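Across the two complexes that follow, chain A remains constant while its partner is chain B and subsequently chain C.
Right, the complex of A and B next:
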């Protein structure tokens, strides 16, 4: 029996998440792992936007910021449970993505990238400047999710880092499952069609503007949930989460690993999240190294790391 | 047999702890937007640890410093903090260059029960008091109090404020407004500017036009206050201008120009005026020694920020010495019992309710005269 690529991807992902802790020498690695999953989730959303629909956004950290600050603000001002606050953040992100997306998705190529960039910077400016609400550049505290205490009550006692490793790993697998399902759905096919050629897609009856907007809204929700997870895990949030560099990082991770492949993009997130930890002695050259890696991948592996390597292996096997 | 011997030997080498070094950690923003704070801090820590080890270490054990550069990113700082506690297993941590990074990593140390000495300004770090969290820089509120005291002495009761909207400016603005009433001073004009603005003439013109203002206060950081000072001189406002401790450095006079900066007052630390301190000053010996060592090692002028790191390490080493132990909980108790320790920012005496341990005497009121500093007290 041959497994579908969807099932294989999910199995690989789940297996890696479940088995990796065996090799962790200390619980610090759980922290790095959970960061990879949080970034991986945002990047999975970008696979839908960049990989499936072929649209570029340089402002997705803005949605991560909305998700993160929803978790910080809603419990304080609306008395919501942090989990509901994350949901509210996702809804808000979707609504904003819809409103912002309608006009800016009419733009193409560089113009779309620049417009989305402007949106991201706007969010981060609001978060920095509305100090009486958001605590300004110094950030603000985020309440405890409380799920760990529930688990403890039923006999599963996890340390903070272990819990967040498991929880964000689970959310990532769900996120990847949804994204892979979308790929094979009619919407996914429509997205891929407009990626190939907008004119051709329109000719065969695909509502191009509508489907672009769908991809933008879905990817915004992914980014928002990833921001919420980060905020709840760190229990403290600053406007950096919505910063320009964070947007760039997300896109870099996606493109590095392979924008067309969920597993590839998550691999990209894994590499770029671990790299600064491995290269602590080269901190000053980190950006330089990232740029170099990026250029090499763009020149020699245009589809991204994983798809290129997979093709090469398959080519050799045949 | 030979194989067994080699593996045993290898296992022994790997298992043996790297002698009984005392491992302390630091996460500092050496690069990124806060590097002008973090760079002297990191240099200071490295320099002092070397110095201490050359003099025989602490309680006969060598200090080992594990230092990471978080680039000013709170999320990165959080990861490095976890790494320091879980992977490097340090006994205490210095760092958190900015308020953002400090606040982001406090939960890690409180959970792991490892003492943490922050190098950031905001009062939120130690108020409310958290058992394992300490800090060395004076708070913005203390700087405000020092400035208002000086205004009161000079019979100034009506002022204008122009603040930066960055983290430092916004925080100090808030703290100043919260205590200004206690000094019988009224704020008649309250203007702000963005951290990258290149001209503050409009805001200053507004302030100048307000009837009855006797002095202007500029809580800010970086290049903003230098521009304010220059514009202030160009507009010939003619009222006393107060700057904050955020710009207490020689670089500020250079940036603003000696002519425009003439007569500007600000609260600064003893470190800035090391050579001007009277012989009888208790801080003189400490600040002169640090200044000379730093300037000799790096070839750069000493900064207040490096002084924060200096004090943090001194407090830590003093605590480990008194505790006679390198257990995190013993170190914590000893830090809290710090008494009369003379640092660059002042004389530190901590209590269970005060994890900063400085009073207003830590600040000196300084005035810029002919491109140099003068103590006015």
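Right, the complex of A and C next:
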């Protein structure tokens, strides 16, 4: 029996997430794992924007910032449960992405890159400057999600790191499933069509502006949920989450693994999240390495790691 | 009134730096259609190398000269090692490559030098000059004069010299330029060298006022890009006027609105220009060929 690539991807992802803990020597690895999943979720959103629709954004950390600060602020000021706060953050991100995306997605290439970058920097500027609300550059505390206590009450007792590993892993699988479904849907086909040629897509009746906006809003929601998960599991958040470097890291993870493939992009997230943790010496060299990876991948493996390797293997088999 | 004049003077000083960065963008964009996001790093390198050469005992003019030459060499290396191998790549790839180069240069600078802020002495002392109740530093005059001099030299270069026209021809149509015997690879190398040297010069001129550190490049690149867009991408006159306008606007925002949000001015300009008049102040309206 031959499985569809969608099912294969989801099976691989779920299996890796479920089996990996067997090999974890300490709880620290659960922490790294959950960070990978959180980044993987944001990157899955960018696969929809960059890989499917062929648009770029250098400001998606801005949406992660909105999601993160929603979880920090809404429980305190609006009395919302943190889970509802994350939902509010996602809705807010979608609304802002819709408003910002409508004008800026008319732009192409460099202009779109700079406009989205400017948006991301404006968000992080507001988060740093409005200190009486956000605590400024020092950051602020985020309340407990409370789901772990509920699980404990029904007899599932997980440590904090184990819980966040499982929970963000689950969210990532759901996110990947939705993204893969989208790929094969009419919307996904429209996105891929306009990626290939906007003019050609338009001539066959694709509303190019509409579908670009759809991809932008969806990817913003992914980034927002990823920011919320990060805030909730760290129980603390600083404006760095919305910073330029975070946006760049997201894009680099996406293109490193392969912007056209959900699994590839998550692999990219895993590599770039793990490297600094594994090599402590990496700290000094982090920017140097990040820049080098960005250049090398784009010059030598334009499709990204996973698609390039897959092609090589397939080429040998034939 | 002196208040307004003061903001205007400081705005023009900063604006002259943005204009130099924008001119650097313009040269590379004209020759290759690449927007080089590492442009701001050239400014940073100009300042940093000058500081460390000066600290090592070299006289300031020699240190500055070395900084400009080394930065120009780095610009050429960037073209040869990263831009040329990726020729024909989609714009998204080129954006990621030049941003990668920018982050790489930043990371390398912080390893080779350090993470401190640095400054070297101003060229003609720090005694402010009084103009109608406002003051201006002698170094500001150096910056403004530098921007004007570079602009005039570029103008002469592009209109009066054969090689300058070869650059314009390459920009216009690469294949046609090759057919009439222009060495387009040489033109590309030259453009990157000139662009990097102009960036480094800006860094040398402005460091006594604003200080320099390994991470100042990105903000400069963005503002230079905003200035170039405001003036009309690819137009040297637009780069100069756009830079000065952006500097003044920023100074006014800092003075009358909020100094915390002065950096927001550049992005508001970017967004406003993009929506209202994408071709900029001096740009021609362009149409895409399908």
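Assume the second predicted complex is superposed on the first by the 317 of 318 C-alpha atoms of A that agree within 3 Å, B and C clash if a C-alpha of one lies under 4 Å from a C-alpha of the other, contacts with A are read in each partner's own complex, and residues count from 1 in each chain.
Following the convention adopted for this analysis, a contact is a pair of C-beta atoms (placed from the backbone, for glycine too) under 8 Å apart; a residue touches a chain by one contact, two chains touch by 3 or more.
What you see is a predicted model, and the numbers here were worked out from it, not measured in a lab.
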| item | value |
| --- | --- |
| Chain B versus chain C as contact partner of A:252, first or second or both or neither | second |
| Chain B versus chain C as contact partner of A:169, first or second or both or neither | neither |
| Contacts of A:139 with chain B and chain C, given as first, second, both or neither | first |
| Chain B versus chain C as contact partner of A:304, first or second or both or neither | neither |
| Which partner, chain B or chain C, touches more chain A residues | C |
| Which superposed partner A:295 touches (first chain B, second chain C, both, neither) | second |
| Contacts of A:129 with chain B and chain C, given as first, second, both or neither | both |
| Residues of chain A at both interfaces, chain B in one complex, chain C in the other | 129, 284, 286 |
| For the chain C and chain A complex, residues of the former touching the latter | 35, 82, 85-86, 89-97, 99-108, 110-111, 218, 222, 225-226, 229, 260-261, 263-264, 266-267, 270-271, 274-275, 278, 290 |
| Residue ranges of chain B touching chain A (in the complex, touch as defined) | 30-31, 68-69, 71, 73-76, 78-79, 82-83, 85-87, 98-100, 103-104, 106-107, 111, 122, 124, 165-167, 170-171, 174 |
| Chain B-touching residues of chain A, taken from the complex the two chains share | 25-29, 31-32, 35, 128-129, 131, 136-139, 141, 160-161, 230, 234-238, 240-241, 276-277, 280, 283-284, 286 |
| Residues on chain A engaged by chain C in the complex (per definition of touch) | 50, 54, 56, 58, 103-104, 107-111, 113-115, 117-119, 121-122, 125, 129, 199, 244, 248, 251-252, 255, 284-295, 298-299, 302 |
